[in-house]
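So, here's a batch of structures to check.
Shared between the two complexes below is chain A, which pairs with chain B and chain C, respectively.
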Partner chain A sequence: MLGRILTLMKKEFLAVLKDARSRVLLVVPPMIQLLVFGYAATYDLKQVPYAIYNEDRGALSRELEAEIRGSGYFREKARIASSDQIAPLVDARDVLLVIHIGPQFGRDLASGKTASLQLIVDGRNSNTALIAVGYVRQIVSRFNDDWSQAHGLPPAPARIETRAWFNPNLESRWFFLPGLIGILTLLITMLLTGLTVAREREQGTFDQLLVTPMRPFEVLAGKALPGFVIGFAEATVIASIAVLWFRIPMLGSIGTFYLGLALFLMSSVGMGLMISALAATQQQGLLGAFLFMVPAVILSGFATPIANMPEAVRLLTYIDPLRYFLVVLRKLFLEGVPASILVHELWPMALIGAVSLSLAAWLFRARMY
Partner chain B sequence: MSARGGRAMRLRGLVRKEFLQILRDPSSIAIAFVLPVALLLLFGYGLSLDVDHVPVAVVVDRPSADTADFTATFDGSRYFSPRRMSDMGEATEALLEGSVDAIVHLRADFAARERSRTGAAVQVIVNGVDANNARLVQGYLDGALSTWLLQRAAAQGLDPPIPVRIEHRVWYNPDLRSRNFLVPGLVVVIMTLTGALLTAMVMAREWERGTMEALLVTPVAAGEILVGKLVPYFILGIGGMLLSVAMARWLFGVPLVGSFWLLFATSSVFLLVALGMGLLISSVARSQYVAGQVALITTFLPAFLLSGMIFEIGNMPAVVRAITHLFAARYFVSIVTTLFLAGDIWSVVVPNTLALVLMAVIFLGLTWRRARKRLE
Partner chain C sequence: MASEGVVAGPVLSVSALRKRFGDKVAVDGVSFEVRPNEIVGLLGPNGAGKTTIINTILGVLEPTEGAIAIEGRDVARERAEALARTNFAAVYAPLPGNLTVYQNLRFFALIYDVGNSAARIEALLEQFELEAFRDVKCGVLSSGEQTRVALAKAMLNRPRLLLLDEPTASLDPSKAREIRAQIRELAHRDGVGVLWTSHNMIEVQEVCDRVLFLSRGAILLEGDPRTLPAEHGKGSLEDLFVSVAREPLTIGAG
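Then we have the complex of A and B:
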C-alpha cells in the first residue's frame, strides 16, 4: 500500500513540477507577493498630504504649524489664501486634509480663551480620514500640554496614560504580516490542489486511476501529499522573510508554528481537493477555487475584525480555516502564547481537515462523469 | 457577397457559437450573476471598520463618588461596553484571552490626586496586536475623557482648561461609514474576478481541444475571433455590474452622488480591461491548468490589497506604488469611490479612465497578436 502511495505521489510531484511555467508560478509569485503586499498592507499613515490655510499668520499659529510639519506624519502640499481653493485640492485627492487656522486664533489663545482649529477631511476612505484626524489630535494635545505648562495653567484633573501590550509602537504592519503568511499559504495550496482532479477528469486519466487497484484513500494521499510538502516548504520561506526582512517578532515556539501550519495545510488541502473533486471541468474547478478562497480571505479577520460582522456572516466564518490560522499566527508571533492557549483554534482546523479530506475521497468515486 | 457582409455573417456565427457554449455550461452564467450577488451580499454585510461597543474592562481600586462619576461616561456611550472587574489580575486575564480590548484602571489615589495640583492619571492598557483597533480604542477613550472634563468644568462653573480645540468636518462621507467606501471597492474586486473568470479559460480551452487550429484555417480573422469572444462575455459582465451597482445603491445605501451614465461608461471600459486580461492570460498560457493558476495569482489579491480599496496607495513605498499602476483595479477604485461619494469630479475621472483605456488597448492588442501569429 505504501509503495502504491509513494508511486502516485512521485507521479503527482512530476505533474506539478515538470511544467516549467507551473514550477515558476508556484515559487516566484508568492515570494514577490509577500514583499509587495508586506509593504502595502498597513493602516499607519506617513506623509499625509495636506494644505494649510492660515488666516492668522501670528507667531502662535506658526508655532502650531511647525509642530505639525515636524511631526513626521504630514507633508505640506500647498499653502492657500482663500477658502475657494479648498475644494479643488480635496476633490482631486491632491490633499487628504486642509488645516484651517482662523484670524482669531492667536488672539483667543493669548487671551486665555479656547482657540479653534478647523480640519476639512476627505472622507472617501473613512478609515484613513479617522486616522489622519487622530494624528492631528495627538499633535494638538501635546501643544495644549506644553502651552498649559508654560503659562502656569492648572493641569487637567485627569489624563490618560496608555500602554500597548505586545506591540508598543502600535505598528499595524505587525498585525498584517502574520496574516499575509496565512493568506499566501492558502494561495499556494489552492494553486496545487484546486485544479488537479478536474484536469485529470477532463483528460480522462482520472477514470484510469480509479480502475487501478488503488483505493480512494490511497489516491487521496497521493494527491494531498505534494500540497503538504510544498506548502510546508513555502510557508517556511515566507515566514522567514517576515521575520528576517520585515523584522516581525516571533515570540512563540517553532514547534507550535509547525503544529498550526500542519493542521492548516490539512484543512486547506482538504478544501482544495474537495472543490477539485466536485468540479467536472477545470473552468468549474477555477470557479470553485475562487468561491472558496475569496470569502476565506475577506472574512478571515485579515483586514476587518470578525467582531464587526453580523451574526449570520460570523457563523459562516466558523468553517473558514484561515480564520483560525490567523489567530494562531498573530498570537504566536506577537504574544508568544503556548500551544495550550491555542487549542480552540487548533481543533477546528483539524476537524475541517478531516471532514473535507474524507469528503474529497468519497467524491473521487461518487462523482463520475 | 461583399467583404463586409461576409465579415458580419462570420461575426454573427462566432457570437452565436459562443452564446450557445455559455448556455450549455451554466457556470459562465453563474459567474456573471450569482457570483457578484453572493459575494457582495456576504462582504457588504461582513466588512466593516466601524468599531462600536468596544469591550473594555474597568478596574476601580477604591470606588468613590468621583470614580463613579468618571466611569459613568462609559455607560451611556455607544462606543463602549464596559465590564466591571474586581482586580487587575482578572482584567489582565480577560485582555490576554481577547474578551476585552482594553483595561481602564483607576488607582486607589484617583480621587485624592484629581483634586491636587498634579492631576490624576488614568491607566489604560490596550492589546496592541491589532494596532488599528488599538488606536481607535485609544481615540475613543481620549474622547470620553475630554467629554468628562468638559462636563466637570461646566458643573463647577469653570472655563474648560483647553487652549486649542479641533473642529473637524468630513467631506463626502460625513458619518464616516466605512461601508460607503468598502462596498464600492468590493464591487471593483468582484468585477475583476468576474471578468477574469469569464475569459481566463476560453482561449486556452480552444487551444487545448484543438478547435483553435480548426478556427484558424477558416476565413475567420484573428480580430473576429477576439470580438466573437468578447461580445457575449461583455454582455454577461455588464449584467453582473448593473446588479452590483444596484445592490450597492439600494441594499447597502451607498449614496450615488455622481451620474449613473458616467459610472456606466467607465464600468464598461473597466470590464473590457478585466475581460481582456482574462483573454490575454488564456492565450499566453494555452493550457487551462496554467491559465487557472495565473488567474488565481494575478487577480484577487492584487485587486484587494493594491487597489487602494482598503490600504491607502499614497502611503506605500515608491516601488510598490509603481507596481500598483499595473493593476486596473487601482484606477477603477478611484473612479468608483469618487463617483459614488463625491460626484462627477473630472480631475479624478478623466486621467483614471484614460489609464483604463490604455490598458484595454494593450491587453486586447496583445491577445489579438497572439491569436494571429502563433500556430506551432
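Then we have the complex of A and C:
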C-alpha cells in the first residue's frame, strides 16, 4: 500500500516539477505577493500631501506649522489664502487634508484661551484619513505639552503615554508578513490540490488510475502528500524571507510553527481535495479554489478584525482554518507564546483537517463508484 | 478462429448485472462469461450500454444489482485483488501526457506491483515497437503511437482479463493487423480472457471467438461472429449490426 502511495506521489511531483508552467506557478506568485506585501502594503503613512491655510501668520502658528512639516508624516503640497481654494484641492485628490489655522490662534493661546485648529479631511478613503488625523493629533498634543511646559502651566490633567508592546514602532509589516505566510501557503496548496484530480479527469488520465488496484484512500493519499510537502517547503521559504530579509522577529519556537503549519496544511489540503473531487474540469477546480480562498482570507481577520464583523459572519469564521493559523503565526512571531497557549487555535485546525480530509475521501469514493 | 478448448473457470463472470442512472436503465439484467483463451466481442450501437458494462467491471461504477467476478474475486468486495488481475486500454483514457513513455510504464508497473519491471518494460517496448519513443512525452505522440503505449501498459501486469475498448481505432490498417495478431496470440498462448468492443465488424469477425450484441442495455444475440449473420438471414456481421441497431425487436424475436 505504502509503495503505491509513494509511487503516485512521485508521479505527482514529476507532473508538477517537470512542467515549466507549474514550476512558475509555485514560485512566482508567492514571491511577487511577498514583495508586494513586504514593501507596498502598509498602514503606515508617509509623506501625506496636505495644504495649509494659515490665517494667523503669527510666530505661534508658524511654530505649529514647522512641527507638522518636521514630523516626517506630511508633505506640504500647497499654501492657500482663502477658503474657496480648499474644495478644488480635496476634490482633485491633490491633498488628503487641509489644516486651517484661524486668525485668532496665536492671540487665543497667548491670552490663555483654548485655540482651535480645523482639519478638513478627504473621507473617501476613511482608513487613511483616520490615520492622518491621528498623526495630527499626536503633533498637536506634543505642541500643547511643550507650550504648557514653556509657560509654566500645569500639564493636561490626563494624557496618554503610549508604549506599543510586541511591535514597538507599530510597523504594519510586522503585522502583515506573518499572516502572509498563511495566505500564500493556502494559495499554493489550494491551487495544487484543487486542480490535481480535475486536471486528470479533464485529460481522461484519471480513468487509468481508477481502474488500477489502488484503493480510494491510496489515491487520496498519493494526491494529498505532494500538497503537504510543497506547502511545507513554500511556508519555510516565505517564513525565512520574512525573518532574514524583512527582519520580522520570530520569538516563538520553530517546532510550534511546524506543528501549526502541519495542522493548517491538513485542513487546506483537505479543502483542496474536496474541491478537486467535485470539479469535472480544471476551470471548475480553479473557480472552486478561488471561491474558497477569497472568503477564507476575508473571514480570517488578516485585514479587518473579526470582532468588528456582524454576529452571523463571525460564526462563519469558526470554520475558516486560516482564522486560527493567523493567530498562531502572529502570536508565535511577535509574542513568542508556547504551544500550550495556542491549544485553542490548534485543535480547531486539527478538527477541520480531519473533517475535510474525511469528506474528500468520501467524495473520492462516491465519484469512483 | 475459435480457440482450442481449455477447460477452466471463467476469468470474467457477469451475473444479472443491472445499472440504473436515476430513472434510466443503462444495463438491464446482463449475464455473460469470458473464459480463458477467449476473445469476446461486446457489440452494439452507441448508447447500448457497452461502456457502462466495462466501467462496472472495472469498478468505476457500482452495479445497481447483480455481481461481477474476475477469476472468482467479487469486484464489489475484493476490488483491489480483482483489478490486480485485470487491465484496460481505451481511446478515451490516455496515459498522462506530461510523462514519457518509459515513466508511464514504470509508474503503472509499480502501481500493479509488476516483478522485474525493468525487463518487462523493455520487452513491451520491443513488442510494441516503442523503443524510439522511450524518452518522448506521451502527450506529443501520434494517436496511433499513444494507442500502442496504452496497449503496452495494458499488458504490463500479465492480466488474466483484458478489457479493450476500440483498441485499434487510431491505428493504420497495417499496425492494426499486427496488434490484432499480438492480442490473439496473447489470449490463446497465455490463457488470457479478452473483452473487446469495436465498431469495425471485419475486425471483430477476424479476432473474436464469440460476440454479444447489446441493445438498450440487454444482450440481444450471442454467438460465433462467423456463423451468426447467416443464422439470422444476414450477409455479413455489419448487416446484422445495422439490423440490431435499427430493428432490435425484430432481430430479438427472430
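Heads up, the rule we're going with is that the second predicted complex is superposed on the first by the 367 of 369 C-alpha atoms of A that agree within 3 Å, B and C clash if a C-alpha of one lies under 4 Å from a C-alpha of the other, contacts with A are read in each partner's own complex, and residues count from 1 in each chain.
One rule holds for everything that comes next: a contact is a pair of C-beta atoms (placed from the backbone, for glycine too) under 8 Å apart; a residue touches a chain by one contact, two chains touch by 3 or more.
No experiment lies behind these values; they were computed from the predicted model shown.
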Practice problem: Could you check whether chain B and chain C clash or fit when both are placed on chain A? | Solution: fit
Practice problem: Have a look at where A:G204 lands relative to chain B and chain C in the superposition and call it first, second, both or neither. | Solution: second
Exercise. Using the touch definition from the top, say if A:G152 reaches chain B (first), chain C (second), both or neither.
Key: neither
Self-check item: Vertex chain A; arms to chain B and chain C (CA centroids, nearest 10 degrees)
Solution: 90
Practice problem: Considering only touches as defined above, state whether A:T212 meets chain B (first), chain C (second), both or neither. | Solution: second
Self-check item: Contacts of A:K11 with chain B and chain C, given as first, second, both or neither
Solution: second
Quiz prompt | Which superposed partner A:D19 touches (first chain B, second chain C, both, neither) | solution = both
Practice problem: Going by the touch definition up top, name the partner, chain B or chain C, that contacts more of chain A. | Solution: B
Quiz prompt | chain B versus chain C as contact partner of A:G255, first or second or both or neither | solution = neither
Exercise. Applying the touch criterion given at the start, work out whether A:A92 contacts chain B, chain C, both or neither, answering first, second, both or neither.
Key: first
Quiz item: Can A:G3 be said to touch chain B (first), chain C (second), both, or neither?
Solution: second
Self-check item: Smallest separation in angstrom, by C-alpha atoms, between chain B and chain C in the superposition
Solution: 12
Quiz item: Do chain B and chain C touch any of the same residues on chain A, and if so, which?
Solution: 19
Quiz item: Given the complex with chain B, which residues does chain A contribute to the contact?
Solution: 19, 21-22, 25-26, 29, 33, 36-37, 39-47, 49, 64, 88, 90-93, 96, 109, 112, 114-131, 133-134, 136-137, 140-141, 143-144, 147-148, 153-168, 170-172, 174-175, 183, 187, 190-191, 194-195, 199, 202, 281-287, 289-291, 293-295, 297-299, 303-305, 308-310, 312-313, 316, 330-331, 334-335, 337
Self-check item: chain A-touching residues of chain C, taken from the complex the two chains share
Solution: 58-62, 79-81, 83-84, 86-88, 90, 92-99, 103, 107-108, 110-113, 153
Exercise. Could you pull out which chain A residues touch chain C in their complex?
Key: 3-4, 7-8, 10-11, 14-15, 18-19, 200, 203-205, 207-208, 210-215, 368-369
Quiz prompt | Contact set on chain B toward chain A in their complex | solution = 25, 27, 30-31, 35, 39, 42-43, 45-51, 70, 95-96, 110, 114-115, 117-136, 138-139, 141-142, 145, 148-149, 152, 159-174, 176-178, 180-182, 193, 197, 200-201, 205, 285, 287-290, 292-297, 300-301, 304-306, 308, 310-312, 314-317, 319-320, 323-324, 334, 337-338, 341-342, 345, 347-348
